[in-house]
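What follows is subunit A paired twice: with subunit B in the first complex and subunit C in the second.
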Partner chain A sequence: MFKAIVSSGTLRAALDSVGVLVDECKIRLDEDELTIRAVDPANVGMVDLSLSPAAFESYETDGGVIGVDLSRLEEMVKMASADQLVHLELDEETRKLHIQIDGLEYTLALIDPDSIRQEPDLPDLDLAANIVLEGSHIDRAVKAADMVSEHIVLGVNEDEDHFYVDAQGDTDDVHFELDREDLIDLTAGDAHSLFSLDYLKEMNKAIPKDAEVTVELGEDFPVKMHFDIAEGQGNVTYMLAPRIQSD
Partner chain B sequence: MLVTLVRGRVAPAWRSLDLGVSSSLTRRAVAKATGVDADRVDREWEATGDLGDAAAWAVEHAAQRTLFSTPLTVRRVYDTLRDLATYEGAGSRDRRVDAVAGLVSDADPEEARYVVRTALGHLRVGIGEGTVRDAIALAFLDGAGDGDTLVTDAAVAAVDRAHQVTNDFPLVATAARDEGVEGLATLGIDLFRPVKSMLAEKAEGLDDGLDSVAPAPSSVLLEHKYDGARIQIHVDGDDVRVFTRRLEDVTEQFPDVVAAVREAVTADSCVLDGEAVGYDPDTERPVVFQEFSRRIKRENGVDRLAEEIPAVVFLFDCLAVDGESLLDAPLRDRLDRLDGLLDPEPMALERATHRSLADCDSRAEALDVAESFYADALDAGHEGLMLKNLDATHQPGRRVGAMMKVKPTMEPLDLVVPRAQYSEGRRSDWLGRLFLAAYDPEDDAFVEVGRLATGYTDEELREITDRLEALVVDRDGRLLDLQPELVLEIEYEEIQASTEYASGYALRFPRFVRIREDLAPEDADTVERVGELFEGQ
Partner chain C sequence: MNLGEYFEEVSEDEAARKRRLAREKSYEITEYLADVERQFDDAVQGDSLFGSTSPSIFVGRSSYPNVSAGLLAPVSDAEHAAEYETGPHWYRSGYTISDVFQARTNLLNSNQRTNVHVADEWDGFTGVQREVAIADRPVDVEVGLDGPLDVDLDITMEDVSSPTGPRATAESAELTENPHVPRAVEKTLSDDDWRAEGAMTYLYNRGFDVYDINTILSAGALGQTRQRKLVPTRWSITAVDDTVGEFLRGSIRNAPSVDETKVWYNEYLGNRFWVVVAPGDWEFELVELKAPGSIWNWKQGDYLVAADYENYEGRTGYVEETAGAYYAARLGALEHLADEGRQAKVLVVRHVTEDYWGPAGVWQVRETVRNAFSEGDPGVAETFHDAVNQLTPRLPVSMNRLRRNSEMVAGLQSSLADWGVGG
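Showing the complex of A and B:
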């Protein structure tokens, strides 16, 4: 059994954060939270999302897992304006999800969860640097880097006590620095890793500009980014594997 | 599963499964999985001429690390590739890229090479049907598991028969493993699962053919030999499917044949063997095969083309009726059954024109009758004559002496084009110099037997060029290496021994006759056949 009412804005924020990496996912409907964990097909990017029942207007479930075609579900939810409420109800018999938005009624056929890739365990990483900054800073860094290159270096200079972004193109370079003043918080440690902008651009789309984002970085290690959604009643963690630095 | 994959396929040919994996889709997937620039993948592809090699290189030089890695299993590769065929509609291309990228991302370089080649449908690792057949016999029959490496002819024959009837190695392997030789013997003809066509041997002449095909002329049946496409028709009530000799489903292309079958066949279910021939609706004379073959390829405007070139099917065998297999019944019984279920419809569905020699009192009289029947066939615009032994069983996929063909000219060869070169002068934009190769089923390879430069019209040459340019795997100046795909029918003056070509033979004065749309590369004449013709000259 699953029956919930949620604002379209919250639902879209949650779905979009996953949809930037995969087309299909499993949604776990537990009594104490709704969670989604998914890895992109190339095993490079991963998302881990949870929404507490408090993020919903109402939330009733007795557990279970459903498989959904994310792009179909996102399309349907987009029919609602941000403050409209979306009613969700699972039909156990037909394995379909009924979606109701102000008189509009959709029925979404679900996917067999077993046909979707198994969710991986979250790798346990001990990352040296911890940066807390505004989503808009990440947006700025990604957009600037995208003008000149396909890859981006994220790093922390422990001695200088700042977070930096480097992008080297064939002809042009971009460098962007944020010191303690600009940041919400910084735990400095030597960190320097190269990432694919293709992935970061997609993740950036789902990061609210006004969110407080915690970035964990290491030396040639995956980066972790956490932020809250649904006014603190949900959170998203992204993890992205680094590229191999040739020099 | 494994026995299908080793031949670079995920389903038997007759299951018309299209994975929808193109080269450009694959290079995107490789780039995505490895983080190597798509342009860099292209350069490696051009350098090696093989996208599988390029994929192996890209994995070796991957620029992107992954968060996890799950080892590839045969099951996962098989399932993933098979699922590709089910993706449809918007976004299906991206999903295919993702699926292939997922496999490449978990592959080591060697795995990536073969996964990519398999996805693209050109895995050639030198494993022919014979190898798979022997492997099944070795693994599951004689002395399986005790390290014995000898297979008996009986075991191989059992596997072979089962495969010719079912064309489904996974099914054959499973039966051999679970139930041994007895299990294989129970595999029979099944509706909508085509069996390989029984093939005819070439007779050196009518006289010679009469002597070889049967012990006495009284059990010989003569039939017109038509210049069309061999087809197998499966009927189950109103459900009718038409397969080619390549075991491809061409039901969609032949609505007229389907309609004729529904009208003229009275059995509830049956499997029929025959030849579809195109004719000119005004004159009712057969059209040349080149014309008719357009119908096999056509996907759009099928109905219009069916009106322009209607087909008549000449039936000459019945392999099953109402659930009963007739493969082991003599031809005379099979033909009785055929007559029993057929209410012939002239110029749509009829028995092949035939004559028995049972009423001839002497061999001399039989030869006379055969000669005049042969002349009739040629007069009617047909290719020649078939001689059949009425007491013989049907042996799928076999070229057997119980069925012989007589044709007026030196038998043309069906050969594959593995390399081609642009012409010089007026035709310099066209691939006018074609290397010709015969098939070597043992090694699943193509061995060159000559070079072709004449016999085509400009129009035919343009078509050949278009077709071949889509098959390029490597390019050295004006010389192209091709995927051996296109089969041509070739006439020639004689076969010479030669050191110039790997086969040891060279065709003298080869001439292009036509493209054989109906033949797969593996259906081309074999090196062995070329050798026999050489010996027989």
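Showing the complex of A and C:
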């Protein structure tokens, strides 16, 4: 059993954060939270999302997992304006999700969860640097790097006590530095890793510009980025595998 | 053999190279064209009837969809018509750039303005052209010509299709023998509801090389009947390389990785190819280094560098810098991996030396990469980056320039599985 009412803004933010990596996913409907964990087909980026029942106007479930075609569901939810409420109800018999938005009714056929790629485990990585910054800073760095290159270095200089972004293209370079004053918080430790901009651009789309984003970084290690959605009643973690540089 | 010794072996004696350059950059082509004109006059009976044996067709792309569609047939030497068709035999016979141009010069393109929407049109000139395309050996034809011979070589700077030779406008064409059509082609032809991509892959799996498939596709003989149309030769070559490549990429998607880094080398027609094959999930890049003085780089004093890349999930758009060479090189690499049942990270570095004075067509990229794997032994390196570090001194550009231009040299994509992400 699953029956919920949620603002379309909250639902869209949640779905979009997953949709930038995968086309279909499993949604776990537990009594104490709704969670989605997915890894992209290339096994390079993953997302871990949770929404607490407090993110919903109402939330009732007795547990279960459903498989959804995310792009279809996102399309339907886009029909609502941000403050409109979306009613969701699972029909166990037909394995369909009924979606109702202000008189509009949709029925979404679900996908067999067993046919969807297994959910990844999120490993504990001991990452040396921890940076907390505004989503708008990430947006700025990604957009600037994208003008010159397909990849981007994220790093922390422990001695200089700053976070930096480097992008090298065929002929042009971008360098962007944020020191302790520009950042919300910084635990400095030497870090320097290269990432594909294709992935970061997609992830950036889902990061609210006014969000506080915690970035964990290491030397030639994956990056983890955490931020809240749904006014603190939900959170998203991205993890992205690095491109390994030559020595 | 370690990589160092391997490189010693492939480095070329400079003096020998210069001699070969002098010999190959002969400009006999114009004289040859005059011969062709004389032979053409001999070959044409009466006013305008030209009898020969046609191994292939050519579809132009200007004024699309009203394109120039032509039968290719040798002006002289009709009994060896098959040799004039572009294919792996040119590589095997060691054709030089001059040989390529001469072969093309002797191949008359008798053409007609034709709308590409041919659907099930199998009569008249279009019908003859399509019959020739689907036959697996050259077909005797008689062409009624209208108007003079245009002997200029059509040399494109794009280097996708091979250069084309003299042209004449055709009024009519007739088959003078029954073409032999392979059963698999008849099957794709008779199925009017088979998408072109699937039919191409079917033919490839039945042992047809991309050259044959390209001609069949070009004649509009693949795909759902109402959508069948002539495909300009240049587009068709890349479409087939891409489609067959996508099929092969799918076939190794879940294959285990190669277990060591190898570097293969091959050189042909003034083009040197280094193919680095390294462990990991599929990634591919073609980096082209074009010498000043080679065909695309007349004005520049420095090397031009072009590169295109795809990750594990392939490309979503057409390449931006390396055109048809990308798909041809990728096909050669994928054929090797599919053969071995492995996936890998593959970097192809193409050094276009100044010896490459005329565009021979993208077949030379395909054949040189294909044969890199079968001729000679590869060098072995500890890692991809070791291989690139040892390779760089043999290349005409610095490591820094290479890193700036190459996604893969800048950094290889790791997998989350390398970091303990199960799933």
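Here, the second predicted complex is superposed on the first by the 246 of 247 C-alpha atoms of A that agree within 3 Å, B and C clash if a C-alpha of one lies under 4 Å from a C-alpha of the other, contacts with A are read in each partner's own complex, and residues count from 1 in each chain.
Criterion: contacts are C-beta pairs under 8 Å (C-beta built on N, C-alpha and C of every residue); 3 or more make two chains touch, one makes a residue touch a chain.
Since the structure is predicted, the reported quantities are computational estimates derived from the model, not experimental observations.
Aligning the shared subunit A places subunit B and subunit C in steric conflict. By the touch criterion defined above, A:171 reaches subunit C but does not reach subunit B.
Of the two partner chains placed by superposition, subunit B and subunit C are both touched by A:239. Contact with neither subunit B nor subunit C is seen for A:116 once the two complexes are overlaid on the shared chain.
Touching more residues of subunit A than its counterpart among subunit B and subunit C is C. Contacts of A:207 after superposition: neither subunit B nor subunit C is touched. Legend: residue contacts after superposition of the two complexes on their common chain; A:152 is shown touching neither subunit B nor subunit C. In the overlay built on the shared chain, the residue A:41 is in contact with subunit B and with subunit C.
By the touch criterion defined above, A:196 lies against subunit B and subunit C together after alignment on the C-alpha atoms of chain A. In the overlay built on the shared chain, the residue A:71 is in contact with subunit B alone; subunit C does not reach it. The clash between subunit C and subunit B in the overlaid arrangement falls on one stretch of those listed (9-17, 27-35 or 207-215), that is 207-215. Counting contacts as defined above, subunit A residues 39, 41-46, 117, 120, 123, 196, 222, 239, 241-244, 246 meet subunit B in one complex and subunit C in the other. Of all the residues in subunit C, the ones that touch subunit A in their complex are 281, 305, 309, 311-313, 385, 388-389, 403-405, 407, 409-423. In the complex of the two chains, the subunit B residues touching subunit A come out as 32-33, 35, 62-70, 91, 94-95, 98-99, 101-102, 105-106.
Against subunit C, in their complex, subunit A makes its touches with residues 39, 41-46, 117-123, 125, 150-151, 168-171, 194, 196, 198, 221-222, 239, 241-247. Of all residues in subunit A, those touching subunit B in their complex are 23, 39-46, 71, 117, 120, 123, 196, 222, 239, 241-244, 246.
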